[in-house]
Structures are given as structure tokens and as C-alpha cells.
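The chains carry the letters A, B, C and D, assigned in the order they are written, with residues numbered from 1 in each.
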């Protein structure tokens, strides 16, 4: 049995190797989470990326596009392995995806060492915006601190005097709470970090929140944890007592399970499904038609990532060996982004608007997210001056 | 001062609720462990199935209670089926085989659930009468549903106690836990007893899972982390002892919750807030393992060792 | 009995030849991924071999062995972060810290038996896991990227993929050789005796606790070496390498390959990881196949793959 | 050689050892008999150091060993055989005995040289096997031995530790008549060379071999003396031998 397995293994290794770099297609590696409860996010990203390729006619700069999707299982070390595999075995020209800051941080080194252009379609840890920045790295999302900082500004506008902050104990969680604290003027009466990703019961934290009697609570819980936190917040009777402000806690992937609990809870986002630009209208309408569901901001950022790649490949007429030229093209952010136009800062993070969003019940009785106001215009992250690139 | 006392009371209730939930899981685990001498890592899979069944049946029947009852029956049946098809072959093997075989079952069930229900997980909405909070003391509110969990779990604990201590079946179970041959000598159909006990254990895990579903939503892999905590509970309590499991579960629930709630404050007194908020969550997660290690170092057979083991 | 060309020897021989020649294929084709994959397999086989010493020969079912992978890796990672990149400092320290950790854990755990032992070793692994989570300076939960691999004063360059692979393979073979010497020495006879009957061992006059503890420490150090290699291989270390499921993986490798067989852990590691790699390419739902397969092997193939091979010869 | 004073041990409410005192001088073959549940196994457990007494003392060669761990007692020269066969079943017969030799041949922190090639261990092991008549079975895997051979091997392992005293826990249990006869012959040969404490149900063997006999009932010593004295003791006849016979015949 073992003999055949080993033989099969050896055979597989051989078969899986395509002939060496004959450039007849653009190869893109896509790392995201496709297993476990947060696979919902990964699937939304994959769907949106695929939709973008449909819109591009499955060609970039005249070359066919090949995408290889890999599952990081939401684990840094797995994500790193998959990144290495895409680079060493599949020889991808671009590597895209990454929901989680810790997975992205672990995967950064192999990508940069091999000079593969990397595009984060979600995670934006402060280190990569600052001291770890690289010309090979681009973001189509935001730096982690920016969105909560926008929420902090909104809390100021609402006259919140003091707040309690709760978030998960990992790279993005720490960035998010730092982000709120950077802009929120009021007093922080308490701060809780919870075990990530396996703590799902927040009873102890909610009791402390209640006892602290703050004016407001700010939370960051992406994916499934956002469903659990919000449901428990409502069950504890806190929703009617203390206003809740969120970042990345309510979106189209979680809303079906949060239901009416989410109504009236504000959040900030750089993209909302009703932004009035043509690219966005086409994206949202076609997504709904193709997948019978609403796209989330994760999807929107992935859609943009595909278009960013396209802008680079088109600029070099399909000669993807010209990396420096492609990077130059990408720095112009010269494509129709679904968030409206934006530009890149020196650290390759977007300088962009952030909007206030809210959950409302549509005329058809369905819950959806809606833009309420623009919180901040042309916002740049606070780490770009730590980046050595000019 | 009053605020602090109220917070402490609330956190104790949180701990009690978590502990009782652990007891539901640990009771089935320790029964199976004690009677069949089987380390069942797949116990957490029944917890997960309980949650998924409840969410599905509640949606179908549009009744929370009916959904819960159907889910209990379903996990009981699935438990017995698993015993008949797979687990039965592991009796009498060493613990290493149990760990490995039931680890295989975990993988199987996780993927099965993903195939059947998809990766997103399922919500189990609470009926309106449970989704509020009630005044437990003047001006002190606590989620009704968590009170309901405490009541249900205590009732189950009492029922188990009566069954194990006062009935003929219970006598068999106790006898089985301390003396396998004796049960055989009494001419009892051991195979049937084992299948039933395994089914009951699965149903208890399913109960724990369906109880958690409205709070945590039903999720793939939800059983694994809590399974380890449940194992800690039965080890601290002494394998095979329902009483030990009960006391250890409440103890673990309280230690975990109180640690999580108050350790950060304690740390902030002696170090910078940044260091405290980094260290405290890690240390509070560690507490129950520390507790188990201390108990085992002092009492290598747990707090309430069952004779003959 | 002593025939050289048994099915088992042929398979092991073929496997070793394959491992030795792999880099030639890799260099010839320029496809480096198989080498990355097999470096990982070889390192995990080393970890499994160390666990096999206490689990397979000594009957100590440690469910927390991955902790040493983490401890060894973290020593390398932390030193690298603090600017000490010399392997001559990193590796001995990694082994020493693992030995100390194993000594403390073993001294406390070896008082218990059976399932209690399984669980208390797990408890210590979980504790060290959460210690790593709390190491904020070294990345906490997110892990720590190692920007420079261990330096050996130009003797060997760990960044060279082929060199690094051969180093790992050499260390694995050395470990297997050491284990084969150990288990047949006086010390090994005591360890193996206490596996099959520890009460009897005491009655004939062995203070077995100290021998078991020594075995526990040796296994811990060996696994710490695997940890140092793994950290260098992945350029990254995070608490996840110490997660209990990773300890479970090591046990799976041993049981799959053959408990208490010298080459069992290697065979198990290759089989398990190739199975994962292969099946995950075939179907997204590959675990639905692996799960029942594990159960099947436990129920019907006692002695693992090595046992099957040995019985082929006998039959 | 061995002195036991006022040994007391309670399990739950049951007195398993009720103030036992006993003395075995050098060279004696001393037998302990008693019905099931008389407390013989508990006594052996306490002698071996697996059960710790609540009260009382055990002296061996003049040293107080009451609180010593099992392996230290063995090192002092107190060897025991087990009632339920308790061997290393996956080792060969010679390996089993060699392990017993090894236990008394210095420490075992020797990590490198193959133990199976050490003449220092193999030689005495073969001698012990020869002593019990198992030399021809040296290379058989222990699990493949017959029941009687297991018992012989038990004795060989006890002898291999070069003991001052043997404690034999029912060496003839479950043996057929032929095997029993061989064992009685073996014990007869050992008698005189070794001080032996023999716990045994086989009355013929006990009365044939023992220099002195102690009779236990309900955790107490009810009589102690030469075989003739014991045979004549009315209390023993009533309390034990009668019961014993009844059990065998009924």
C-alpha cells in the first residue's frame, strides 16, 4: 500500500509540474479562506474576482488569465505554505487575496523575496503600511487603522463622551482599537481583547461592558464572530441601552445570520453597495444576477484587485517580465474602481473616502446596507511616513 | 461598591452557565469513558450536530422547542448508529487507537456538515420570550436565555443523578464503571447497554450544542475547542465519575470566566496597560490547563477517582 | 527471518533512495516546490521519530509533543529577532531549553498513567501555546517572521534549498540511527520493559521513573531540533505549530507508519502529508476520505503500514 | 532476615491486615496459607512496597524498609514473583531474565552499546534459566510459552536478581499435576540455598516443603509453627482447613 502511495506521490509531483515559464498566459495566485466558517468571505472574494475576469473577457493585455485558488484555513503557517507553493510550483505572476492580517504578515516574505507582485484585497496591517512596505506590495483595501479611525470621527460627531472597546487579540484587532483611539476624543473606559479565533462566547466581556455604563461601545469582529457578538449583545438587552459602533462587523456575508439584530447599527466602510458610479452599478447588478446574493466589501476589493492587475498587464502589453513598468502603472491606480476614484500613497495603500453605512430594510423586506454620509474624504493612513519608499 | 458586587455576581452567573454547559458535554464523555473505557474525541461532533439539527428542525417546524426536541432525538439516533458502525470496533483497544480512530470521525463529520449545510454556519433565532433579559436583582438585568440554560442544565444534572444513583439501569452503569466483568456475570446484554449509553452521551452533547446554537450559531468545527475543555473537566473530576464531572465542570466554568473577566484588571495594577492587555488574555486562557496540571500532580487520578480504575 | 529483500526493506530502501535523489530531479527541472514539500515532510518525520521513542518504545502517549516543535522554533525566532543569528548559539540553546522544559513537564507528568498522562501532557502543551500567544513582542498570536536563517559561519548555507534539504535529511537519518542504538541499549531495554509492564520493572529493581524521564527529555530535545529546523524552513514561527491538532498529527503519523518501528514515523509522515497534498488536489472535501481511512487503519491494520509490510513477508 | 511487626492496613471498612507479626530467619522456607480474602495479597503488596501500611514496620536484614519504594527493596535483595503472570510478553525468554540481571548490574544510563550483546547480562541470565530448566527455550518469545513455563520463568527472573530472599506468590496456581511436581522439585532444590516466603494454595506442596507455616484468616495470623504443629492445631483445622477442603470438594 505504501509503495503505491509513494509511487503515486512521486508521480503526482512530476505531473503537477508544468513546463518551465512559457509565457502564454497571466498566472494569478489567489490565497483566501475557503474552509471553516469564514469560507463565506473567501467565497465572496473568489466570486467577485471571477466576475471581474468575466467582465475583462478572461483576458488581460491579450493573454488568457489563469487563476489558482488556495485555501489558507485562516492559519498563518498554512497561508505561508500556500503562498510558497504558488510562487515556487505554479510560478504565478501576481499573488492576490488575504483576508487576515496575520496570514498576510506570514506570507509577505516569500512573495517579496521572489519579487512576485502581491496585492492584498483585504488585510492591511500597520507594519506593511510602515516599516515593512515594499514596491512589490499593493493594497486594494485600506490600512487597518483607517476604517475604525473613521468610526472614531463619527462617534465624535455623535457627541459620544466615553466608550468601551472590544476586539479580538490578533494583529488586526490591535490595529483596529488603535485606529479608534487615534481619532476618538472621548474617554476610553475599558478595553477588551478576546481570544481569537476560538472564543465565541462573550458573556464575561458583555457583563463588564454593562457594568462600566459607557456612552457607547465600539467593536471589531469580522466574519462569523460578528454574528455571535451581535446576537449576544442583543440577547443581553444591551442594544437598547448602549449604542454600538462597529468596524467590519456587519456586512453582506454576515447580515443573513444577524438579521434584524443589525438594524440601526452604524459602521464605516470605504465601499458600500449603493455607491453611485458606473463600475459599481455594473459590479453589484451582475454579481446579484450571477450568484443570487449581494456582494460584500471583501468582494468589491477583490474585484478592484483584478482590475488593478489588468491595468498593469495592459500597460506592458502582456510582457509580465517587466515588473518595474507594471509597478509604475499600478501606482497610478488607473482603472475604474467600484469605490470611485482613488490614488495610491507612497506605501501603495489607497488614499480614499470612508462612508457611514447603516442597515435598513428595503422595500422588498430584505435587509441591506446603505450609504448614509461621507465621514472623511481622501484619507491617508498614519503609517505612510514610516515607509522608506518615496 | 454595589457595582462591583453586581459585576461579580453577574460574572459568577456567566461562569456557572458555562460550567453547566460543560457538564452536559462532560457527562456523556465521562459515561462513555468510564463504562466503555473509550476516549471519544468525536464527542464534539455530536455537539456540532446537535446545533445544526436544532437550527434545521426549528426552521422547518417554525418552533424552537419542537426543533430542539427533534434535534435531541436525531443526535441520539446518530450516536447509536456511529456506535454500531464504527465505535464498537474500538472497544478493548488501547487509548492511542481511540484517539486516532475518533480523530478520523471528527474529520469525517466536519466535512459531512460542510457538504450538507455549507460553510456559512446556521443561525437559530430565539423565540421572543427568551430573547430578552430579566431583572434578577433590582436594576440588574441578565439574559433570560442564559438563565434558561442554567435551569435546563441543572434539571438534566438532577435527572442524571437520580438515574445513576437510584435506578436499576444506573446501578448497571455504576457497576460497569468499576467492574466490567460483574455486569457480564449478571447476564446483562452488554452490547445493548453500550449502544444505549453511547446514544445517551451523544444526545447530551447534542443538547449542549443546541443550547449553544442561539448564542454561537451552528458552525463547522465548533466542537473541537470545547471538547478539549470538556476532557479537562472529566480528568479533573476523575474519569467515570458523574459527580466529579459536575463539580469539576462548575469549577472550570467559574475559573475560566472569572479569570477572563478580572485578570486584565489585576495585571493593569502591576504593569503597563499595553502589556496587561497582551498578557492577560493569554494567561486567562491558560488557567484551566494550569488547574488540571495542579490537580493531576497532587491527585494523579483526579478529584473523585472511581474505584477499580 | 534475516532475508534482505523483504517487502518492507524494499519499500524503505526505495523511499530512502527517492529522498536522496529528489534534489537531483529538482535541480534538473528547476521545479523547487517538491523540495520545499519534502523538506517539510522530513522535518516532521524527525519530530515524529522523536515522539516514537517515548510513545512507540516507552508507551508514553504524549499528546503535547508539538510543544517542543514550538519551543525549539521560538528559541531560534526570538534570538533572530534580537539579532543573534549564529546557529552555533541558536541551536544548542534551543536543545537546552527543550531539555529543561521536558525535564519539568516530564517530572510532573510521569507521575500519572494512561489517559491522565495523555491529558496532562496536553495541558502543558496548551499552557506553552498560550505563553507564546502572550509574547506580544514576538508577534503573539500572529507569529514571528524570521528574516535571517541560522548562520553557521559559512560552513553550510541554510538558505540554499538543496543544502538545507540534505541537512534535514541527514539529521533525520542520524536521529533514526540514534533511536535504533538507544532502544537496543540497556537504557532502551528499560524503557521498552516499562512500556509492556512497569509494575514488574519496579519489582525487579528498576527505579523506572528516572529512566522514563530521561527518555522524555531525549525525545523533547530531538523534537526541539526539528522545531529549529522548521522555523528555519518556514522563516516563520507562530503558536499554531504547538496547537493540539499538530500534536495529534504527529501521533497520526506514528500510528499510520507503525508504532515502535524505526522507519514507521518516516513512512507515516510521507504517507500522511502526500495523502493530504494529493487528495486536496482531487477534491475540496478530502477530509471526508481521510477521516474514515484513519478509522479503517486503526481498526483493521494494526501495526500501521510497517506492520502490513512485515506481515506481507511473513504471509 | 525478615521481620514484620504489627502490620495494619484497612481498605474502606475492611481490615485487610490486622496487626500481623511474622519472622522469617535466614535459610527458612516459610509458607503462608489462608482462605481467599485472608489478606495474603495485601501482605505481599506491603512487603513489595506497592501498598503502604497504616501502622507497623517491616525489617529486612535489620533495616527498616517500611517506607522504601519497590525498586529499593529489590536492590536490597528482596525478590518476588507474581501471582498473575506478569512478564514482558513481547521479549524473548532470555531478554526477560537479562533485564532482571540488568536491574542489579549498576545503573542503566548506558545509551549506546546493544544490551543484547553484553555477556555480563546474558551469562548470568542463562545461568538462571538453567537453574529452572528453561535453557532450551531461551530464544522463544515469551508470549509463546506454556503456562507452567511462565511460572518457571517468573522464578528464574527472581533468581536472576541475586536475591537474599524470595517472595513467591502462588507459584503453582493453575498448574497441572506434572508441572506442579516439577515446580515442587525446583523449590525443593532452592530450599536451603535461599530464604523463601511462599504463599500457596496447594496444601500438599506446602506441607511437603515448608519449614514453618503461618496461617492467616481475615487479616489476622491465627497460627504459626512447623507443619506438624499446624496440622494438629484445632483452630486451624476448624477455621481454615475445613473451609479449604469444603471449597475444593464442593
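Here are some notes:
Going forward, contacts are C-beta pairs under 8 Å (C-beta built on N, C-alpha and C of every residue); 3 or more make two chains touch, one makes a residue touch a chain.
What you are looking at is a predicted structure, and each value in this text was computed from that prediction instead of being measured.
Considering every other chain in turn, none proves to be in contact with both subunit C and subunit D.
Graph distance from subunit A to subunit B, where chains that touch are one step apart, equals 1.
More C-beta pairs touch across one of B-C and A-C than the other; that pair is B-C.
Of all the chains, the one whose CA centre sits at the greatest distance from that of subunit A is D.
Computed centre separation for the pair subunit B/subunit C is 32 angstrom, with centres defined by C-alpha atoms. Separating the CA-averaged centres of subunit A and subunit C is a span of 36 Å.
Chain geometry summary: the mean Cα position of subunit B and that of subunit D are 48 Å apart. Taking the mean of the C-alpha atoms as each chain's centre, subunit A and subunit D sit 74 Å apart.
Shared interface positions of subunit D, defined as residues touching 2 or more other chains, are absent. Multi-chain contact residues of subunit A (touching two or more other chains) are listed as 34-35, 169, 195.
Across the assembly, subunit B contributes 114, 278, 281-282, 285 as residues in contact with two or more other chains.
If you draw each protein chain as a dot and join the dots that touch, the picture is not a line, a loop, a star, or fully joined; it has some other shape. All chain pairs that touch, listed by label, are A-B, A-C, B-C, C-D. The part of subunit A that touches subunit C in the complex is made up of residues 1-3, 5-6, 8-10, 12-13, 16-17, 20, 34-35, 71, 75-77, 80-81, 84-85, 88-89, 101-102, 105-106, 108-110, 169-171, 195-196.
Residues of subunit C that touch subunit D in their complex: 181-182, 184-190, 192-193, 196-197, 199-208, 211, 214. On the side of subunit A, the complex with subunit B involves touching residues 34-37, 39-40, 43, 169, 191-195, 198, 200-201, 203-205, 207-208, 210-211, 224, 227-228, 231-232, 234-237, 253, 256-257, 259.
The touching residues of subunit B, when paired with subunit C in their complex, are 33, 39, 86, 89-90, 93, 95-97, 99-101, 103-112, 114-115, 224, 228, 231-232, 235, 239, 274-275, 278-279, 281-283, 285-286, 289-290, 292-293, 296-297, 300-302.
By the touch rule above, subunit B contacts subunit A in their complex via residues 3-4, 6-7, 10-11, 14, 17-18, 114, 119-123, 125-126, 131-133, 141, 143, 145-146, 212, 214-217, 219-222, 225, 257, 260-261, 264, 273, 277-278, 280-282, 285.
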